[in-house]
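In the two assemblies presented below, chain A is common to both, partnered first by chain B and then by chain C.
Take a look at the complex of A and B:
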């Protein structure tokens, strides 16, 4: 497979999630991701975009740029926003072994993103948050 | 699967939440997503059959409708039939965990049946399988109610 990079900007609101999903699906299908991986991507998109919609902008809605890199062996999605600095990877993971009463609330979204992907990274560049997730392709 | 999800979402154009209540069935549109609930009471158990995608768009309405049905039914056990649920996110999981807590506090039991493999995987990853009992059929779940 040849290397490629595409990106698209969306309004950071939950109504945009189907549009993000459509955009990513097209690229993921071209990259040959399996049906199982496509479903995992759907969950990752949902959780990542919801996080940005709910927490990134003090005056919503802002924008979210979705960038996709593909090369031999990897499908990488980046979610970029210009909101307040926030590294979701610093959020404590829920301890799923605890009983429901003992569990701390929150953190399930980023926990699912971690479990559904092969790599997750966060960086802050030029005043923007970039969450990068990678999935190994067949 | 993901492509189908995106296509289905495109076909739905409603932007305002609306509710239709017909007998034991509830069709809910939250944002641009649909969720259908069908309820029945059997053996002191409220059975909720869910159809659609249980995510942020419908989570609040899902919670409200299940809570109202529990209150109205006056029963403490809750059985969720997820045979027609193709997708669930952390918001949907949160609602299910909250209903588990409520049912447990009332001394009831909660069951889930007929999970599609991808939904069962999300239950497993998020630890719900440690809390909620899964059964293959409603009949099997009701036998342990």
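Take a look at the complex of A and C:
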């Protein structure tokens, strides 16, 4: 497969999630991801975008740039925002062994992203947050 | 997302189909809160027609389960498949909520 890179900017609001999913899914299908992987990808997209909608901007809505790289063996998505510095990978993982009374709702989004992808990275570049996730392709 | 509720031998069965996501999760929480307030404290979430669930959906289910526990009742899950089963399992929700194949199996157990 040839290397490619595409990107699109979306308004960072809940209503944009289906539009981001549509944009990414089109690329993912071309990259040969399985139906199961596409469903997992939809989940990763929602979790990444909703974090930006909820926490990135002091005055919402801001924007989110979604960038997709594909090369041999990897499908990489980047979610970039210009909001307050925030590394989601520093959020404590939920303790999944706790009882109902003890369980809290926090941290599940990034936890699901980690489990549904092969690699997750965060970097802060020129005042922007970039969350990068990679999925190995068949 | 579509929510259908019915009574079955003392249980309140809530069938959820479609997508339980950031756009719809609060509706499930509201509907369940209404059912609990009306006395439906033995609640079954029947999810065989649910295609998708995200952390927003998990948060609603957790809130409903806590509310039921506080009301002296409980929540059971059934009909988990595909991505939905995977997400509930990764999040460890199957360790603190009873999971059954079908509504019938929950009702049989009482």
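We adopt the following convention: the second predicted complex is superposed on the first by the 136 of 138 C-alpha atoms of A that agree within 3 Å, B and C clash if a C-alpha of one lies under 4 Å from a C-alpha of the other, contacts with A are read in each partner's own complex, and residues count from 1 in each chain.
Simple rule for what comes next: a contact is a pair of C-beta atoms (placed from the backbone, for glycine too) under 8 Å apart; a residue touches a chain by one contact, two chains touch by 3 or more.
Not measured: the values here are computed from a predicted model.
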Chain C versus chain B on the shared chain A, clash or fit after superposition: clash
Partner chain in contact with A:115 - chain B first, chain C second, else both or neither: both
A:50 touches, of chain B and chain C: first, second, both or neither? both
Which of chain B and chain C A:29 touches, first, second, both or neither: first
First, second, both or neither for A:89, with chain B first and chain C second: neither
Touching partner for A:9 - first (chain B), second (chain C), both, neither: neither
Which of chain B and chain C A:97 touches, first, second, both or neither: both
Shared chain A contacts, counted only where both chain B and chain C touch the same residue: 14-15, 36, 39, 42-43, 46-47, 50, 94, 96-97, 99-101, 108-109, 111-112, 115-116
Residues of chain B that touch chain A when the two form their complex: 1-3, 5-6, 9-10, 15, 31-32, 55-57, 87, 89-91, 93-94, 97, 100-101, 104, 118, 122, 125-127, 130-131
In the complex with chain C, residue positions of chain A that touch it: 14-15, 17, 36, 39-40, 42-43, 46-47, 50, 94, 96-101, 103, 105, 108-109, 111-112, 115-116
Contact set on chain C toward chain A in their complex: 21-23, 52, 54-56, 58-59, 62-63, 65-66, 69, 82-83, 86-87, 90-92, 95-97
Footprint of chain B on chain A - complex, ascending: 14-15, 18, 21-22, 25, 28-29, 35-36, 38-39, 41-43, 46-47, 50, 94, 96-97, 99-101, 108-109, 111-112, 115-116
